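In the two complexes below, chain A is the common chain; its partner is chain B in one and chain C in the other.
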Partner chain A sequence: MDHEVLAGPGVRAHGAAAPRRGSRGTGQKRARRGRPRVSGVPWILPALVVSAGVVYYCIGYTGWISTLRWDGISPDRTWVGLGNYARLFQDPVFWKSMEHTGVFFVVTTTAQILLGMAFAALLHSRLRLAVLYKVAVFVPVVLAPATMAPVFRQIYAPDGQFNKILDAVGLHDLTMAWLAKPATALAVVMSIQVWQSVGVAFILYFAAMGQIETEVLEAARMDGAGNLRVLRSIIWPGVRGTTLALITLSAIASLKTFDVPYLVTSGGPSYGTEFLGTFIYRMSIPQSEVGYGAAISVMLLILALGTAIVFNAGGRDKEIRRV
Partner chain B sequence: MFEARTRAARALLQIVVTVLTIPFVFPLVAMVQGSFAGTGWNNYRAVFEIRALPLFFRNSALIASSVILVVYACTMLAAFGFSKLHIRARETYFWLLLAALTLPEVVLLTPLFATATTLGFYDTYLAVVLPLAALQIPFTVLLARNFMDGIPNELIEAARIDGATMARTFRSIVLPLTRPIAAAIIVLTLITAWNDYLLPLVFLQNPDLQPVTLVPQFFVSQFNNDQTKVLAAAVVTAIPEVIAYLGLQRLFERGLSAGALK
Partner chain C sequence: MFHRSSSSTRRRAIVTLSATAALVATLAACSGGSTAGTGASSGDSGTVNWWGWTPDDGEANALIAAFNQEYPQIKVVYKKLQDASYNAALRPALASSSGPDVYDVAAGGATGDVATFGGSAVDLSVAMQKAHGASWKDDIYAAGLTDFTQDGKLKAAPVGQIASGFLWINQQIFDRYGVKPPTTLKEWVNACATFRANGLGCLAEGIGQPGFDIDTLHSIADSIQPGDFAKAADGTIPWTSPTIVKAFGLFKQLATDGILDEGAVGIQQYPDVNNAFLSGKVPMVQMGTWYQQYATKKALGAALEAAGVPSGTGLVTIVPIPFPDVAGNSNTPNLFGDPDYALAVSSRSKVVDAATTFALWVSSNKTGQQIIADHLTDYPAMTSVAVDWSSLDLVDPASQVPALQNLAKRVAQVDQSRQAKLPAQMIQALVTADQSVIGGQQTPEEAASSVQAAAVAKG
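After this line comes the complex of A and B, so read on.
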C-alpha cells in the first residue's frame, strides 16, 4: 500500500526524487571520463522484440488490412483504399459506440473518484474492522469479469435479486428486465465496471492520503474546520495527482472496454451497449468483415494514443503550475 | 481523515462505511446463494463430476506461468539496460515501448489470427502467451525502470571495480535489490494472464487447452443453461483467486494499483 517500495531503495533512503537525478548525473560524468561503457542494447533487445516487435507488426498489418475488403481467410481480397474509413464515419453504430464510451468514461470515472475518496477517507478515520471493508472493496478487482458475468446476468434478470430488492423496499414500479432495454443495459454495464474498479481507486487514494501531513490537518481543525471543510480544502487538493492519474487511466480503460459489455450484454440490445472493442470484435470475428474491423481498430488506436498524450500533457502542465 | 469525537459520530461513520460496502459484497453473496438454489450441494457435485475441471485450472496455471516467465525476464533485463547502461537514443526506444501501453487486445486479433494460421501456431499456447506478454511488458518495464533509477550507480560501479562482469553485477546486486518491484510485477502479470478472456476465446479452440475464464461458457453448454450449476462453477473458479488475494493482500493491492503510479 505504501509508495516507497515502488519508488526504489534510493528514494527510501533520501526521501525525494532529487537524489535519483543526482546519482544519474554522476554516472554520466564518470562515463565521460573514459571508463569503457557497456552497451545496453543487448539488454533491452528481448523486450523490444517480444513487445514492440509483436505490437508494431500487428499495428502495421492492421493498417494494411484496413484498406481491404476481405473476410480474413479466403485468398479473394479487394483493395478499397480508404473506403472502410469512409464507411466508418457514416456508420451510426460507430457513433453510438463513441457516445457510449463517452458516457461510460464520465460516469465510471466520477463514481470511482467519489467512492474511492469516500472509502479512503473513512478507513483513515480509525474505524473498527477496517481490514474487512478493505477486503470487501478490493476482492472485485481480483475476480475475472468472465467469472462474474453469469452472476450479474442473474442479478439483473427479470426474476433476479435486484428486482427482488426493489420489490422488498416498496419500489415495485421500478422493477423491469434491466438487460432488455438499451438505456438500462448501459447502466448495468457501467455499474459492473464501477464495482470492479473502485478497489484500485480506493487503494491509491488511501496511500495518497497517508502522505498528507497530520500537522496540517490538526492546524485546520484548530482553526475550526469541520470534516467536510477539511475534505474539500486539504484532502481533495492533497490527492490531486492521484485523481489526475485515475482520470487518464480510466479514459484509456473506457476506450479499451470489452469484457463486461461482451459477456453481459453482447453489445445489445439493439447496439445499446456497443463499445469500440465489441464493435471491432463483432465485425472481425462473427461477421468476418476483417477490413472494416481493422479500420475501426486503427481509429481506436488513434483515439487511445491521442487521449494518452492529451491527458499526460494536461496533467504535467497543471502539476508544474501548482509548484 | 474524518474526526469523530463523540461515540454517536463514530457510530455514524461506521454505519456510512457499512452501507457503502454492501453493494460490493452483494454480488458475491448472490453468487454463493444462487449456486445453492434448487438442488443445493448437488450443484457442486455436478460441477466436480466434470472430468475436464482440473484441466481448466492446469491450463490457466500453464498460461500464467509462461507469461510471467517471459515478462519477468524481458522486464528485468530491459529495465537494467534503460536505467543503468549506455544506449544511444535511449528515450526513443523507451517511448516506442510505452506507446504500446494504449493498445487494446482486440486490435491484435485479426493480424495475429492471420499470422498464427499461416505459421501454424493457431490453437497453441504461443498464440495466447505471446500477445499477453507483449501487452504487459511496456508497463512492467516502466515500473521496474523507475525502481532501478533509485539504485545508486555507485553500487554497480563498485561491483565492476571489484572485477564483476555486468551479467554478474546484474545477478548478484541488481536482482536481489529489485525483489519488491519484481513481486508487484509478478502479481500484476498473474492476474492479467489468469483473468484474460478474449485471447483464449479466439485462439484456443481445443477444449483440452482452455483456461478457467472459459469455464462459464463450457458449463452453459454442458448444463443446458442451468443457472444454479453455472453459478456453482463460478464460485469454484473464484475461490482460488480470493484465497490468493487474502493470503497476499499487500502484494495484490500494490501490484494491481501500480497501474496508476507513473
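After this line comes the complex of A and C, so read on.
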C-alpha cells in the first residue's frame, strides 16, 4: 500500500503535485535569486493601501471618535476617554440588544441548520420538480430586505394574512398584533431572517452532501441503516465543516443584524427588537450621539472578532481530535 | 550590477511614492475635505443644490419655477430625502465640499435639528437686513426667528409654521354612520363602537414611529391641566407630575376602551396610517396642520397614487376636529405649534450668494410665501401672507373651507411649543414610554419615571 491510497483524495492531490514542483524547483530558486524581491509588491500595493487606508484607518478613526462626546458635525468635541464605554456597560438598552442577539443567533442558526439540512436531504432524493423547489428555497436569498419589509409588515399586521390564516384554521385565539409586543415582534424578525437565509444553508448543505461517497451510503443501507441513522451517522459528520462555517457566519450576521429589524419594527416596540446595529444607528443618526455610537461600533467589532476566533479555534480543535 | 541596483532603487522609489500618494488620497477621502466655500458667485447666478425632507416635489417645483421667473440665471436642483435618513445623508455631506448649498433644518426633534446642523450654516441676518431693511423681523413669525437664531446669528430662514393637537376625520365615514365628532371620552367610545360594529377601525395611530404619539399625549395632558406638558418639556415641572402620570393612564385607556386601534405600537404613522386614512379605510387620525394639503384634490390624488391606491378610488373629505376633552375637566385641548422647516445656507457652499438669494426668496418674499400658503402644507412664515382659498380646488369646499379657516384662527392662538423644545433623546424616551404603557410593560408611574430619568440624564 502506498501513501496515496492511505491518505485519501485530499492528500492524493498534494502527492501528485509534489513531483511537478520538484522538477522545476531548482530553476525557480535560481531565477528568484536573480530578481529583486520587491517585484510582487506593486501588484498588491493598491489593495494593500485601500485596505490599510480605508478599513484600518477608519477602524482607528472610529476608535478615536469613541473617546469623544460629539454630534458628528460640530467643531466642539469633548474628550471623555473611556466614558462612553463605561456608559455602555450601564445602558440597559445595550444589554437588551445583546440578549436579543443571543436569542436571535440560537434560534435562527438552529432553524437554518435544521431546515437547510432537511431541504438538502429531500432534494438529494428522487423528487419530481426538484429544480423548482431549489429555486423556491433560494429565491428569498436574492430578494432585498427593503422590498420585502412592507410585505412582512402587512402579513403580520392585525388584519394581515397571518392572522387570517390562523382564523381560517380555527386558531382565532392566537390572532394578535404580532408587531405590537416585544416578544412576538422579535419572533417575527427571527422568522423573516430564517425565511431569508435558509436558502444559503440549503445550498451549502446540498453541495456538501454531494461530496459524500455514494459507496459509503450504499454500504450503510446494506448494513440495515434507516434514513435517520444514515443522517445521524454518515451525513451529519460528513457536513460538519459546513455546519461549523454556517454557525460562524450566522454568529457574525447576528451581531451585525440591522436591515430586518430596522425596516420591519424600527427596533421596537419598547426596544423589543433592538440589536447592536439598530442601536448604533439610533444613537449615531437620530440622536446625534456619534461618539457613543462609535463606542458601540467598537464593541461590535470586538465581539465579531472574538466570535470568529472562538469558532475557528473550536473547529480546529475538533478537526485535530478527529485526526 | 550598477544598472540593476539603480533600477531597483527607482522601482522602490516609485512604489514608495505611489503608496504615499494613495494613502494620502485615501486619508483625505476618509476625513473629508476642508475647503470652505468661497462665495464667489453673484447673488443672481449659479446652480444651487437644495436638500430637504420637505416639501414634496410638486411644491418644490412650483417654488423653483416661480423663483426662476425672477432669477432665471439661478438653477435650483431639489433633492428630497426621507426624513428617517435625512441626518445620515446630511452629516457627511456638510462635512465635505460636495454637500448641499441650501438645506432644510428643523427647530428641534430628530430630523435636521438646527442645534446639530446650524453650525454648518452662514448667518442670514445680514442678508435679511440688506434685502428687507432694518425692520425685516416685523413681518416674520416671531418663534420662527427665535428658534433658528443661535448666538445672535440667524442660522436658517423660516419657511412656515405648523401646529398639532387636534384630529382629522373622514367626513364621509362619519356621515355614512351618522356619527357626530366626539367631544368627550364617552362620546368617543360610542363613536368608535359604532365604527367597529361596522367592521372599521377607529383612531389609527402609528406609535411605532416617534412623534405623533407625543402629540396625543400632549393633547391628553392639556385636557387634564392645560400647559403642564409644555412645562414638563421645558423643565419647569418634572415628568413625574400628576398630570403627566394621569395622561399616560388615559392614553392606555384609549387603547383599552376601543378608541385606539389594536397594534398601534407596531405600526408606523407613515406610510401605514397615512395610507390607510387617505384611502378611506380609517375614520380618524392624529396629524397636524401639514395634513390640510390633502383637502385639495391635487395633493390627495398624488398621495394616493404614491401609495399605490387604484385609480378611480373616491377622494376622502378630510376635516379637522378639536381633540376631545378626554379628562372630563371641561378643557378643550388647545393647539401647540412650532416653526416647520427653515432653509439654511451651507458655509461650504461655492454659491453662497445665489443660495442665500433662494433661501430668502422662499422665506421672506411674498410670491414665494404665497406658494407656501396655497399648498396648505405650512402656514407661511410671513404674517402678512394668507391662503387664497378661491384659488384652491378642494374635495368638498362646502365643509372644508369653513373648517380649515377655523383651524387657521386656532393656529394663530398657539401659545405652546409642539416638539421644538424636545431634544431627540427626550422624543425617544417619550415614545418608548408610550409604547411601554400601551403594551403593558410599564405602569403610567414607571413610564413617567423613565422619562424623567432621561430628562435628568440629558441635563
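By our rule, the second predicted complex is superposed on the first by the 284 of 323 C-alpha atoms of A that agree within 3 Å, B and C clash if a C-alpha of one lies under 4 Å from a C-alpha of the other, contacts with A are read in each partner's own complex, and residues count from 1 in each chain.
What we mean here is this: a residue touches a chain if its C-beta (ideal position, glycine included) is under 8 Å from a C-beta of that chain, and two chains touch if they have at least 3 such contacts.
From a predicted model like this one, the values you see are computed outputs, not experimental measurements.
Enquirer: Assess the superposed three-chain arrangement around chain A: do chain B and chain C clash, or do they fit?
Expert: Chain B/chain C on chain A - steric clash.
Enquirer: Could you tell me if A:82 is touching chain B, chain C, both of them or neither one (first, second, both, neither)?
Expert: A:82: touches no partner chain.
Enquirer: Kindly classify A:171 by the partners it touches after superposition: chain B alone (first), chain C alone (second), both, or neither?
Expert: In the superposition, A:171 touches no partner, neither chain B nor chain C.
Enquirer: Return first, second, both or neither, reflecting whether A:203 touches chain B, chain C, both chains, or no partner chain.
Expert: In the superposition, A:203 touches chain B alone.
Enquirer: Pick one for A:249: touches chain B only (first), chain C only (second), both, or neither.
Expert: A:249 contacts chain B only, not chain C.
Enquirer: Per the contact definition in the header, classify A:301: touching chain B only (first), chain C only (second), both, or neither.
Expert: first
Enquirer: Given the touch rule stated above, what does A:114 touch, chain B (first), chain C (second), both, or neither?
Expert: In the superposition, A:114 contacts neither chain B nor chain C.
Enquirer: Considering only touches as defined above, state whether A:41 meets chain B (first), chain C (second), both or neither.
Expert: A:41: touches chain B and chain C.
Enquirer: State whether A:55 touches chain B only (first), chain C only (second), both chains, or neither.
Expert: first
Enquirer: Going by the contact rule set out at the top, does A:185 touch chain B (first), chain C (second), both, or neither?
Expert: second
Enquirer: Compare chain B and chain C by how many residues of chain A each one touches, and report the one with more.
Expert: B
Enquirer: Once both complexes are aligned on A, which of 59-67, 95-103, 113-121 or 149-157 in chain B overlaps with chain C?
Expert: After superposing on chain A, the clashing stretch of chain B is 113-121.
Enquirer: List the residues of chain A that touch chain B in one complex and chain C in the other.
Expert: Shared contact residues on chain A (touching chain B in one complex, chain C in the other): 38-39, 41-42, 46, 48, 50, 52-54, 57-58, 61, 72-73, 150, 281, 285.
Enquirer: Using the touch definition up top, name the residues of chain C that touch chain A in the complex.
Expert: Within the complex, chain C touches chain A at residues 4, 8, 11-12, 14-15, 18-19, 22-23, 26-27, 29-31, 87-88, 91, 94-95, 110-111, 113, 116-117, 119-120, 207-209, 261-268, 271-272, 424-425, 428, 431-432, 435-436, 439, 441-442.
Enquirer: Where on chain B is chain A touching in the complex?
Expert: It comes out as residues 1-4, 10, 13-14, 16-18, 20-21, 23-28, 30-31, 34, 70, 73-75, 77-78, 80-82, 84-87, 90, 93, 96-97, 99-115, 117, 130-131, 133-135, 137-138, 141, 143, 146-154, 157, 166, 177, 180-181, 184, 191, 194-195, 197-198, 202, 212-216, 220, 227, 230-231, 234, 237-238, 241-242, 244-246, 249-250, 252-254, 256-262.
Enquirer: Can you tell me which positions in chain A touch chain C when the two form their complex?
Expert: Of all residues in chain A, those touching chain C are 36, 38-39, 41-42, 45-46, 48-50, 52-54, 57-58, 61, 71-75, 150, 153, 156-158, 177-182, 185, 265-266, 268-271, 281-282, 285-288.
Enquirer: Please give the residue numbers of chain A that touch chain B in the complex, ascending.
Expert: Residues 1, 3, 5-12, 20, 23-24, 26-27, 30-31, 37-44, 46-48, 50-59, 61-62, 65, 72-73, 115, 118-125, 127-128, 133, 135-152, 154-155, 161, 195, 198-200, 203-204, 207, 209, 217, 221, 227, 230-231, 235, 242, 245-246, 248-249, 252, 255-256, 258-259, 262-263, 277, 280-281, 284-285, 290, 293-294, 297, 300-301, 304-305, 307-308.
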